[in-house]
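The two complexes that follow have chain A in common; it is paired with chain B in the first and with chain C in the second.
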Partner chain A sequence: MSAQAEVLQQAFTLGFTYTRTTGLVVGRFLTALRDRKIVGIKGSDGKVIVPPMEYDPVTAEALSEFVDLPDTGVVKTWAWVKHPRGKHHLDKPFAWAQIQIDGSDIPMIHMVDAGDESKMSTGMKVKVRWAEETKGFITDIACFEPA
Partner chain B sequence: MRDIAIVSFVQSDCVRDAGARNEVELIMPVVRKVLDNVGLESAQNVDFTCSGSCDYLQGAAFAFVLGVDALGAVPPIKESHVEMDAAWALYEAVLKIQSGQAESALLYGFGKSSPGELPIVLSQQLDPYYLAPLWLDTVSSAALQARAMLDSGEITEREMAEVVARSRKNAKSNPHAQLKGDVSADELLNEPTYLSPLRKHDCCPVSDGACAMVIATVEQAKKWGKPYAVLKGIDHRIESAHFGARDLTKSPSTEAAAKAAGVANGPIDIAEIYAPFSHQEIILKKALGLGDDTVINPSGGVLAGNLMMASGLSRIGEVAMRIINGECKRGVAHATSGHALQQNLVAVLEGA
Partner chain C sequence: MSDANKEALEPITGIESPVYLDYNFTAGQATARFLTKVKEGKLVGQRCPSCRNVYIPPRGACAACGVATNEEVELPHKATVQSFTIVYIPIPGNPIKPPYVIANLVVDGANISFLHLLSECKNEDVRIGMRVEAKWKDPSEWGFAMENIQYFAPIDEPDVPAEEIGRLKDA
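Moving on to the complex of A and B:
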């Protein structure tokens, strides 16, 4: 008499069950965010790019010269979101903005929690509002707020 | 470079929601009609087939493969796909013909955008570490660009409204358009902002639909005995993925593509420009070097109906059909891809 056949079973997780390294440039920026610091990188023309790029956008030269920067900056252009979408990180009206971090030349995009559209203007000064817990993600910057 | 003939082009209506019709059911009618126009039985009768679509719209990897069901691909055909607007499928087919591997090609593009939240779906086109996690949507990035334009004094809100008014007016003669009618710039400027500085009408609508085209060498087109327009030049260029490294108020990639495609080699009667947002038409008109004697977007353009992954090929098809119908002699068509005009393709078409 043969025993009843054993049914083979194994738990299965649908998803990417691996981790990736973000590399020497992106990784350095994200790791600095975890420590509540912002770093930029010098482009071929010496201009400071934030967030840092691995290769120069014009010359394609590999970049490596990092620059420590403050967590304050200036709004270069902005757009007011009256009706935040479900995926957006802020659940009340906010601004998207290109923010030139002080000491840098190439602006970065992030959110500004200004409360009201009338508080927004091109050229206004802003500073980082850090997330309560930082993890090495771009969202470690919860948003910027008027400085 | 061998001259290439655009022989046939068909586009579906732009509809807000195609309902229960799936992608294959959107593609089949335009493919059937575009082949019938040339007198071809099926995709077996061309040397190469290429499509443009976005798997993210369907929400599944390799979703584009389902589109092949619309072709009758048994026995097997030579087929390819670009995860881009079908204007870039045309570009691939042009390379195929130029390199002597094909004499004719069928192209199609399709997009059923209605099931998802399109601007959020397209946020995932952005770089995966700095921008995609923020869910920067396509309307927001265009609004940042519009503000930069307004701040620089290059445009006014009235000029943006005038682009929309003209689009709606021109679309009245386009049976496939979704938004059409007579509306004045004053009326439009009275509307509230939607995503400031953009008003709702500054943004293209979300549409479902498809388009298809048949191209061939001029020799093959003559054998078919069908009228055709000639593709004299085509080129595409891309700008940095880092928004801050770009001057959003200009389109250097369009300028470079226009130069390489030979836009300035003769007068341009009409231009079909893929500008999903009103201010972008103004940027692109300048980048293409077009003057006031060129008729811009006689179809109404994509502000009147925007088929994701098909609208770019449709711009080229619109110009081709107007040349074939004798409405004009020389035209330029433009397609764009990505956020805030990141990548641009320019094609120059002439009569046979």
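Moving on to the complex of A and C:
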């Protein structure tokens, strides 16, 4: 018969070290972020989508009409994160939010560093806090903050 | 960074987007017991009380019969190659230089295979049914891991017919 063994534990990390090609459209969006600018793209119905999509959501035609946008927007809806986890990009409570960049029609998801949940509200104006060093990645937008 | 430098940068065409999953693995009772024995240089499986199959590494239960397996069986260090693959692609962080052979090995007296390295032979000579034996590291290096066995090496015994590999049971 087997006797009780001591409990064995081991931490390990499983890593999937993906690299991805961006394609021309997303590549242009990321290149603009590196320059601290936001670009969207105009769909067949005239709506401006950001981050830009490669293909029209209605007609599936390839899209190419880029639109320069400001780094300000409006919170459409949000969820407060009381206890950030290790993999979150902010180490203090923050909001995940659907943010509609001014001049665009489709909200994008990003973080809002408002300091406290009481400072959050649907319809509030926010602006981008750019990363200290940009590199062409979505985290070039460090987060949004109340404008 | 000056504007002149920025203009010199190439457009973004690719990104790195790794996913890291952090686990804290807790070995269950059967695995902990097995690894404790491996640390002593022993291969100890468990026999199903119902179908008599011997499992190594043991999982504490027989997947076929759905019953707990408590009876421990110490097994010899000879095994048979049930299947194998030759690895040509380097795996990041793996110090073993390709091409090398990874095999499903059935230890004598067991009815299930485990994966381990094959060495001390030409890769092209490896075959199903080939007889091999564990080459253990120096006992000073033993821990709670199958890496205590450095690899398995061929021995001069007749091949086991494919249909018999892992099928033999003690009465």
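We take it that the second predicted complex is superposed on the first by the 126 of 147 C-alpha atoms of A that agree within 3 Å, B and C clash if a C-alpha of one lies under 4 Å from a C-alpha of the other, contacts with A are read in each partner's own complex, and residues count from 1 in each chain.
Note that a contact is a pair of C-beta atoms (placed from the backbone, for glycine too) under 8 Å apart; a residue touches a chain by one contact, two chains touch by 3 or more.
These numbers were taken from a predicted model, which means no experiment stands behind them.
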Going by the contact rule set out at the top, does A:137 touch chain B (first), chain C (second), both, or neither? both
So, does A:25 touch the first partner chain B, the second partner chain C, both, or neither? neither
State whether A:110 touches chain B only (first), chain C only (second), both chains, or neither. first
Once the shared chain is lined up, is A:124 touching chain B (first), chain C (second), both, or neither of them? neither
After the superposition on A, what does A:8 contact: first (chain B), second (chain C), both or neither? second
Where chain A meets both chain C and chain B, residue numbers: 22, 30, 137
Taking the complex as given, what residues does chain A use to touch chain C? 1-22, 27-28, 30-31, 34-35, 136-137
For the complex, which residues does chain A have touching chain B? 22, 26, 30, 49-51, 53, 57-58, 76-82, 85-89, 96-98, 100, 106-111, 117, 122, 137-139
State the interface residues of chain C toward chain A in the complex, per the touch definition above. 6, 9, 11-27, 29-33, 35-36, 46, 70-72, 92, 144
Using the touch rule from the top, collect the residues of chain B that touch chain A in their complex. 117, 119-120, 123, 129-131, 133-137, 140-141, 143-148, 151, 193-198, 240, 242-245, 248
